[in-house]
Amino acid sequence: MVAQNIKHALFCAVITLIISYPILGLDLIAEGIQIKLSGADTSTYIGIAAAVLIVFLFQLFRPAITGSLSAIGAANPLRDRKPLPQDKRVRLERAALILIVIGALLWPFFASRGSVDLATLVLIYIMLGLGLNVVVGLAGLLDLGYVAFYAVGAYTFALLSQYYDISFWVALPLGALLAAAFGFLLGFPVLRLRGDYLAIVTLGFGEIIRILLNNLTSLTGGPNGVGGIPDPTLFGMEFGRRIKTEGNTSFHEVFNIPYNSDHKVIFLYLIALLLAVVTLVVIRRLVRMPVGRSWEALREDEIAARSLGMSRTGVKLSAFTIGAFFAGFAGTVFASKQGFISPESFVFLESAIILAIVVLGGMGSQLGVILAAIAVTVLPELAREFSEYRMLIFGAAMVLMMIWRPQGLLPMSRVHIQLKQE
Amino acid sequence: MHDVLYFLQQLINGLTVGSAYALIAIGYTMVYGIIGMINFAHGEIYMIGAYISLIVITGLATLGSAWLPLVLLVALICAVIVSSSMGWAVERVAYRPVRGQHRLIPLISAIGMSIFLQNYVHLAQGSRNIGFPSLIQGGITMGAEDGFQTSISYMQITIFVVTLVCMTALSMFISKSRLGRACRAVSQDLKMSNLLGIDTNRIIAATFVIGAALAAVAGLLLGMYYGSIDPLFGFIAGLKAFTAAVLGGIGSIPGAMLGGLILGVAEAMTSGYLSGEYKDVVSFGLLILILLFRPTGLLGKPEVEKI
Amino acid sequence: MKIKLNKLVVGVSASLAMMASGVTQADIKIGIAGPMTGAVAQYGDMQFSGARMAIEQINANGGVMGEKLVAVEQDDVCDPKQAVTVANNMVNEGVRFVVGHLCSSSTQPASDIYEDEGILMVTPASTSPAITERGYELVFRTIGLDSMQGPVAGKYIASQKPERVAVIHDKQQYGEGIASAVKSTLEDDGIDVVMYEGITAGQKDFSSLVTKLKKENVDFVYYGGYHPELGLILRQAQQAKLDAKFMGPEGVGNKDINTIAGDAAEGLLVTLPPSFDEKAENKSLVDAFAKKGEDPSGPFVLTSYTAVQLIADGIEKADSKDPIDVAKALRANTFKTPIGDVAYDKNGDLKSFEFVVYEWHSDGSKTPVK
């Protein structure tokens, strides 16, 4: 047994050495016109050696270590806690959501410009997460090209404002409706595909939209994107330093206060908050309506649901369209926040991040999605000092979360209706 | 004549890239065939293969070793060893613990792994495009001196030959060897093979190792053919190879070969007769069309819906 | 409602003003924004090395108005999306003067934010005319325009009397802008462009493109874009035995093209700013770079140095740290800099800037072409 352990541990250590040394220890550098190999600095070698040693020891004493780890788990006092009763938990979740919204409404007035800016981004991801949650979490349709609808919303606003001077408030419903229309049109043929094939087709669709945006240079500006997207106005008042559209007034002039660029950021944040709350409430209601129930029914057991007379295409299509609608919403806000969009903002990685938010939050759970959106957006920003390692850590965290907590932060639990028990 | 030669040249260009796609596609198709997951990190394994070959070639050049076949062979062996180890480690660390969960979980884990590996190489080797020396030069030219000439470079011939050899070896291995037979058994019914005493964990690990080894071969070949590598070039190639695997029928090895070739030729023809900008649209459009009308791909077996 | 909102806003801005006044600004922050990573990071290296040197030297000479310059460096990867994030970060960091960005497609969206937020920006490398033609108050550059560079290249090509010319570009603002300038110059000179096509930046397989060039029987190819793509095109063209002369803008002129293209880079024509590092009056500056082990010969090193110096001189001349005053001072005066005497027109473009045609060699050196 011990001999076998040593053999296995040695094997793992050697593998660690093989996969780390050549990449980390031998650097390809360009010296003039020649490519040369150079050794890394000593600390890298020490790091590699340490990694090899750790892997060796871990594999050698694996049973002991995993044993003590589960002992830690057992020592957790909350482990044996009974789940809260149904009605209490529902009330608690509702209270938490309301508290979050109130808190979110107040804090920008005390926070720095940078953090409000970041919070707006968080809200956009919350909208996206909630929207994709309908498709993936509730209806169980694996969508790897969700970013396409986000792009449709963003580009609708950007292009309408560029060619027709359409303002944010007009573009907002248009962008969302157009995204929904795209969802509907795409959903029609592809929704009869099962599981992974659906995932692949949506992935292809997402890439096609991006490449088209990249190539239709005369319309979309190609890789250069569309700039100069106007900020939202408040009853015809602009928040910029100078008025851009004729006929509008300037916020700081109307109220006779000195110009401060924070106003614009806070205003955008409040709009994003409003839209995120709308998204949250609408989806919350939808889930309790027959259409929401049928999403889940179809996800749980397609054959049973169909034999009860549900239209498979109709139900899936409704989920797909509604998901796309909210992506369009988020896209419009994103375009207005950035003031500039390019196809680079809508790459596959973005789809993957939104999907990660949904899965990390606990599929189907709204509070979970909100928490996950905050975590996924804010944590990398906090790690700015490690900015180089940011994406590395992000990737590793995705893997580790899936291993340790595959059910997500706050897994969704069904709301049962119980008969009163006397 | 002129047009025929032009067509022929584009066909050769397409087949070259297509056969390399096929090599990468094997990794996707075998893994999907056995555990039904899309290994998003496979493109990164291919990229690492390319980096290792370049590191070895550069190292040997500094040491003064110049006999070309030896250099290539050593580079190939090293790339295969490192990539296979990487494939094994990735499976062990990121996929085995989440096997059997809801199908989204391994997918997210794979995407995370892909991001991780991309940045791992990026941090270690920098993000610049690094030139890959063109070791195999020259070629054969056809056509009149003054008109359009079709040429096949020795590099292209090498890619065809190596792909063909790898594919033949793989088919032999899968159909004849004990491990290959076990692979086929596991892909048909994982639980049953387990009951019959096949160590399924080992078979799954072997699938990852084989796929990674072939990806490393593709990395060396395509790195040399294109002429430069960077940490991001694995992702898009992976996406293409995956498309090829689906096109040919995911789970089927001849399908991956066919899918790769079709994809490569479709891309070359789009660039040749329309515009290079739209070649990706055509390849993904082709994918969607195939899936709509023949969801199991060209050579895939129709799946029976189990109740 | 209106009154309430008014009060709230006044209250908020008052509290913010108090917070702001609590911090005394002892240093002048100079933002440096450019690619530290990504495919064209070597140009970023040039930019950062030039700007850092200027900041060091100015600080060693006592700073500006008695205050030290502090660099705030950010990486935009030459990606328009990241550039917007970087620009917002600069605003959040309280930076008032920025040297950057590098790629035109990054500079364009970032300049919208800087102009809006009252930040003065000097780009040492972006040559797209669109950046300054919007009449922004706070946008300047220390390099010429595509509309100056394109005709230089076009006139040179016309003088070579090629029979069939192809113009290829990477569809980005810089590449396409300069390619179309070259194309129109050629057409004005009565030379027909037989092929005008875009490629996708980051692509690696150009065999189909090269085959097409061969079919069109071109003998001269102009490429608008950066070196990673042109390097591969050169190499794959050599493999496919395409016999044509290639030419590109300053974005292809650096030694990395040799590591990618190898011998195929021999004879490539490049339009570059003149080699400022060879001017006699820059001798001491070049020595200072050599002492640090850096190479000042890259096209953007001294333009970046100049950008920092101009900001410092502008602040001194205006006797104010307000970017708007500094912008006025920059427009009103002529400055002596390593790239020559600098004077600005009302758009923030240099009144004169010269581009020279060089021939590139396979050992990474270049010689001027007459």
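The chains carry the letters A, B and C, assigned in the order they are written, with residues numbered from 1 in each.
Note that in this section a residue touches a chain if its C-beta (ideal position, glycine included) is under 8 Å from a C-beta of that chain, and two chains touch if they have at least 3 such contacts.
As the structure is a prediction and not an experimental result, all values here were calculated from the model.
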{"item": "Chain whose mean Cα position lies farthest from chain A", "value": "C"}
{"item": "Middle chain, criterion being Cα centroid separation", "value": "A"}
{"item": "Computed distance of Cα centres, chain C from chain B, in Å", "value": "38"}
{"item": "Gap in Å, rounded to a whole number, between the CA centres of chain B and chain A", "value": "30"}
{"item": "Junction residues of chain B, two or more chains touched", "value": "126, 128, 130-131, 133, 277, 280"}
{"item": "Junction residues of chain C, two or more chains touched", "value": "171, 198, 200, 256, 258-259"}
{"item": "Set of chain A residues in contact with two or more other chains", "value": "30, 35, 214-215"}
{"item": "Parts of chain C lying in touch with chain B, wherever the complex brings them together", "value": "37-39, 41-42, 171, 197-200, 202-209, 211-212, 214-215, 217, 228, 231-232, 235-236, 239-241, 256, 258-262"}
{"item": "Chain A partner contacts - residues on chain C that touch it in the complex", "value": "5-6, 8-10, 12-13, 15-16, 75, 79-81, 84, 88-89, 91-92, 105, 108-109, 112-113, 116-118, 170-173, 176, 198, 200-201, 255-256, 258-259, 362-364"}
{"item": "Chain A to chain B touching residues, read off their complex", "value": "15-16, 18-19, 22-24, 26-30, 35-37, 40, 136, 142, 189-190, 193-197, 199-201, 203-205, 207-208, 211-212, 214-215, 303, 348-349, 352, 355-356, 359, 363, 388-389, 391-392, 394-399, 402-403, 406"}
{"item": "Touch list for chain B against partner chain A, complex", "value": "36, 38, 48, 51-52, 54-55, 58-59, 62, 78, 81-82, 85-86, 88-89, 93-94, 97-98, 101-109, 111-121, 123-126, 128, 130-131, 133, 239, 242-243, 246, 277-278, 280-281, 284-285, 287-288, 291-292, 295, 305, 307"}
{"item": "Chain A residues within the chain C interface of the complex", "value": "30, 32-35, 109-110, 112-114, 117, 214-215, 217, 222-225, 227-228, 240-241, 255, 257-258, 260-263, 266, 338-342, 344-345, 387"}
